[in-house]
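Chain IDs A, B and C follow the sequence of writing; residue 1 opens each chain.
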Amino acid sequence: MAPPSIVRSALSVFFEYDTPRIVHIRSKKVGVINRFLQLAIISYVIGFAIIYKKGYQDFDDVNSAVTTKLKGVALTNLTDQGINGTRVWDVADYVIPPQENNAFFVMTNVIVTPGQQQDTCLESPSVPDGICSAEKPCVPDTPVINGNGVKTGACKPSPRNSSIEVCEIYAWCPVEKDDKPSKPVLLASQNFTVFIKNNIEFGKFGVKRRNLIGFDNDSELANCRFDANDKLNRFCPIFILSEIVESTGQDYYNLALSGGVIQILIQWNCNLDYSVEDCVPEYQFRRLDSNDYKLAKGFNFRYAEPYLEDGVKKRTLIKAYGIRFIVTVEGKAGKFNFVPLFLNIGSGLALLSIATIVCDIVVLYFLKARKFFKEKKYLDVKGADAYEMFDSMKQSAEYESTGQTKPK
Amino acid sequence: MAPPSIVRSALSVFFEYDTPRIVHIRSKKVGVINRFLQLAIISYVIGFAIIYKKGYQDFDDVNSAVTTKLKGVALTNLTDQGINGTRVWDVADYVIPPQENNAFFVMTNVIVTPGQQQDTCLESPSVPDGICSAEKPCVPDTPVINGNGVKTGACKPSPRNSSIEVCEIYAWCPVEKDDKPSKPVLLASQNFTVFIKNNIEFGKFGVKRRNLIGFDNDSELANCRFDANDKLNRFCPIFILSEIVESTGQDYYNLALSGGVIQILIQWNCNLDYSVEDCVPEYQFRRLDSNDYKLAKGFNFRYAEPYLEDGVKKRTLIKAYGIRFIVTVEGKAGKFNFVPLFLNIGSGLALLSIATIVCDIVVLYFLKARKFFKEKKYLDVKGADAYEMFDSMKQSAEYESTGQTKPK
Amino acid sequence: MAPPSIVRSALSVFFEYDTPRIVHIRSKKVGVINRFLQLAIISYVIGFAIIYKKGYQDFDDVNSAVTTKLKGVALTNLTDQGINGTRVWDVADYVIPPQENNAFFVMTNVIVTPGQQQDTCLESPSVPDGICSAEKPCVPDTPVINGNGVKTGACKPSPRNSSIEVCEIYAWCPVEKDDKPSKPVLLASQNFTVFIKNNIEFGKFGVKRRNLIGFDNDSELANCRFDANDKLNRFCPIFILSEIVESTGQDYYNLALSGGVIQILIQWNCNLDYSVEDCVPEYQFRRLDSNDYKLAKGFNFRYAEPYLEDGVKKRTLIKAYGIRFIVTVEGKAGKFNFVPLFLNIGSGLALLSIATIVCDIVVLYFLKARKFFKEKKYLDVKGADAYEMFDSMKQSAEYESTGQTKPK
């Protein structure tokens, strides 16, 4: 046969195709195992990875902006706390700080300590380290641990509880009476509303949406209230605080008393293979700080409003209990794309080899006809090492007979 | 043949190698399909997964800290709002709250209501629920919906609009005149600058960088201004607010009037196979709250500055319109690593089996020579079930002939 | 042979099983390469992907809520800054803003400028753009760049530094003396404590935990202090600020002087195959804003406390240096699940084909016996194109001989 030219040989590469040789075994036992495994794998790949997990789609994560606006006023009476008269609380009073990123705080209970000024006074008897006696004197210039000031060194009977003596301290005086009101001062906050404006974008697909869906004018919008079960109002972005809290399974009264953390989860799960109009938000609410524990319950913090009275710097100290709402926006948009589909099919085919491997184990080790099948499946080639050796010998012989030097 | 010892048999396992037997088909039709599919898959794996997606690199996400500092003063004249004289606004006036995590707010427009105190006064006629008449009386002790206070029950002619009657309310009085100024009060904020300090770290690779690149001293740094098109100043971390806004395609005047949310995206995409000096930030700006809608545009909130005047607690209520800037730091660093490269090649090879499967389908079902190829590819083994049965019979016979009991 | 019915043929599909035919090559060279590669791949899959990376588990990310509460008081003496007497700073003074999401700020150093009011005064001589002369006059109504006010146009000798002239400005007067105190005013903040309450949830597995582990009552909790090396106190959620800072390798004094950003990382890595009691937090601390640079070090911001004195609006301007603590919660919970195990085994098997491919290359291109093995592995089938042609001819002939028209 004439040797093929290099060109023909190179071209022929494009007209070749290799496929494995297969033993086609007709066996009831192994066939059933094989088909069952294949079915399970194909079901998993098609049913779970491709259809359920949308393996045919390319995904993008949401990019979001949230702004919130509270509305509502509450009338309180703080005579329990020694403050005369009623007081109106509006949004500038009970939202602290006035704006936060993806969060807002609503004060629901309060301990007000007005008229504090820099002075010396007696520590509160409720602070353990502030209690003193002849055996446990007050060390001057050391702070009271978990207390309100720095000790002057004096130890005097407490006016609030005359049976014990407390340290005198440098502090904002008088110190706070840390008795949580027996009922939430701002219980009326349950009727406050919050307008949550959420703009989102799926940058990869150029889709922008916001959570005002189906409202035509500002007055229609201003008067709606969110209702998960109503066809239109489940897209209303105005929420009543008590309804948010109650849909987490919590009691507003108890939450308002001690404070807590509530998550407002806005989910945008959009299948952009359908109309973009179907890309709508879903709201979920849950309490993040569990109430199942006895220790360290609730949420509160202190802040002060400084002022000047008769040339003296004073401040109103406010211990604010309340609900911190955290707005979390999650979302994923999917759109058909050939690449992920192809990858999922490819990895599905790779998984199919598991069926063959399991069946091979059954056939070659557990069936009585194992020797018979082994002969059919395997072609045993033993000559390799001998061939190598023989070939070396032959080459040496050739070089010798032709008188050439064997190349290194 | 002598049976091999166990040791020899165990050792021989290490000198074996199994490889599938292949049918090498020389066919123009199938060969072309086969090579084309293989080429497509290899192009995808090498070109997309390995080169484009840097499948040969191990990745780490960025860990970042952002601090911001604003500079600038603005002179305003609030005589429109009944407040005398000019006023200077500095950073402590227009940044609220004074520091936030990964965000800052700049006030650009304002409605100031000075001298509010706890009192009874008339609701603003612009609140629908505050309007009353003989048919629609004011229910005492109920809050005005979306209003400023709690109704006392009285209904009086509004001094602001004498043709209608409004409810008297307990509130911070006088109530705010909610007329947005016709032009942004703090338009001068467009010349304010913000210094964004961003330290990042790729922990896995021990790389720390920050966004001050190429500046030798504080004065050089203080005088630079960001310019995306300038070789040096594209690394200047001091931004003019109007330039941020304009590079999002928005008009500063309109944004300042109603407020909005702007994202400052800092991207650190670093290929650590090159010099770490090439690991530099890239800045992008975009408006997050879309302006394409008519309803509920802009961003504003209210806060109060309390003070004491002649023994009476008063406050200045401020409705602040402005721009909330959100600083988002994204980043990924990659460095060559054998494991991901190996995994990508492995999954690429798995994908190659798709070419064989497609060609097998063509060869076995569509070619006219399908029977011919089937014979070559498949070795049909039918005897399995019969062999099993025969083997059982033979064993039973053996047990019977030797008189032994068949084991269970 | 009778043709099988369609039903029997369909059923027979379930009793079939295809397995590749294999050449079993006994060669020391290739066998060793083969087994070594297989061992490496299997070690990687089992050791790294399945055992080390817990490839047999399904994972869920943590959902978290963090609240923080600071305790501690400090006594300061600001006579350096021209302010008489000692002053107590408590939590309402040094935490600004009073609450933040996943972060808190503690003031450690301060420049107080009391008694500012809207007026005209001279710019600070430390602002370059505020310095004027006959050649560089003050342009009226332009703001001083990086300065405190808007120029009136006048240029007068600076009282603070009489050798230079500065512009007169409309500003909050007097302007701040921006001289950082030589030592941190609130160095006592090192003894402050922060109680970090962290509730987490792994929603997929229904597991809720919080970082108060092993404490039975509020007093035990209130008195513990975090200690990473103590069996019980490594779960104490009360941290001393100086210990947080020192465990990042930083010096509290220097950090307090200029300010900085510290990350408190809480990691919940839980293996839910074991007891849920073993799901405990781990704390890490690190400084986020690197201290290795000379430019723009530290963290500070300005805020104001407005008040009314004798009918004049005044404010106290506070430049606050301090430490911003950012609390980051990371976590992953894993639980045994068949699907990821199965997927990892599947992709491991796919990788095994790499060993066969490498050995095939050795056998078919590098061994001397390559022709011998090629013959065993490959069955060369050339007739395909001829068969196709022949078949077409035969069909044409048949149609002709029967007088039928060849179908299109």
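Remarks
Here, a contact is a pair of C-beta atoms (placed from the backbone, for glycine too) under 8 Å apart; a residue touches a chain by one contact, two chains touch by 3 or more.
For each chain, UniProt lists the protein as follows: A, B, C = Purinergic receptor.
Quick caveat: nothing in here was measured; it's all calculated off a predicted structure.
The two copies, chain A and chain B, are related by a rotation of 120°, based on C-alpha atoms and rounded to the nearest 5. At the interface between chain A and chain C, under half of the residue numbers appear on both sides, which makes the contact a different-residue one. The mean-CA centres of chain A and chain C are about 13 angstrom from one another, to the nearest whole unit. Within chain C, the positions touching two or more other chains are listed as 18, 20-28, 30, 97, 100-101, 307-308, 347, 350, 376, 378-379. By the touch criterion given at the top, residues 12-30, 63-65, 67, 69, 71-75, 85-88, 90-93, 95, 97-101, 188, 191, 195, 197, 199, 201, 208, 210, 212, 215, 217-219, 221-222, 305, 307-309, 314, 316, 339, 342-343, 345-347, 349-350, 367-369, 372-373, 376, 378-379 of chain B touch chain C in their complex. Listing the residues of chain C that touch chain B in their complex gives 18, 20-28, 30-35, 44, 48, 96-97, 100-103, 105, 118, 128, 141, 143-144, 146-150, 170-172, 261, 263, 288-290, 292-293, 295-296, 299-304, 306-308, 311, 313, 315, 317, 320, 324, 326, 347, 350-351, 353-354, 356-357, 359-360, 363, 376-385, 387-388, 391-392.
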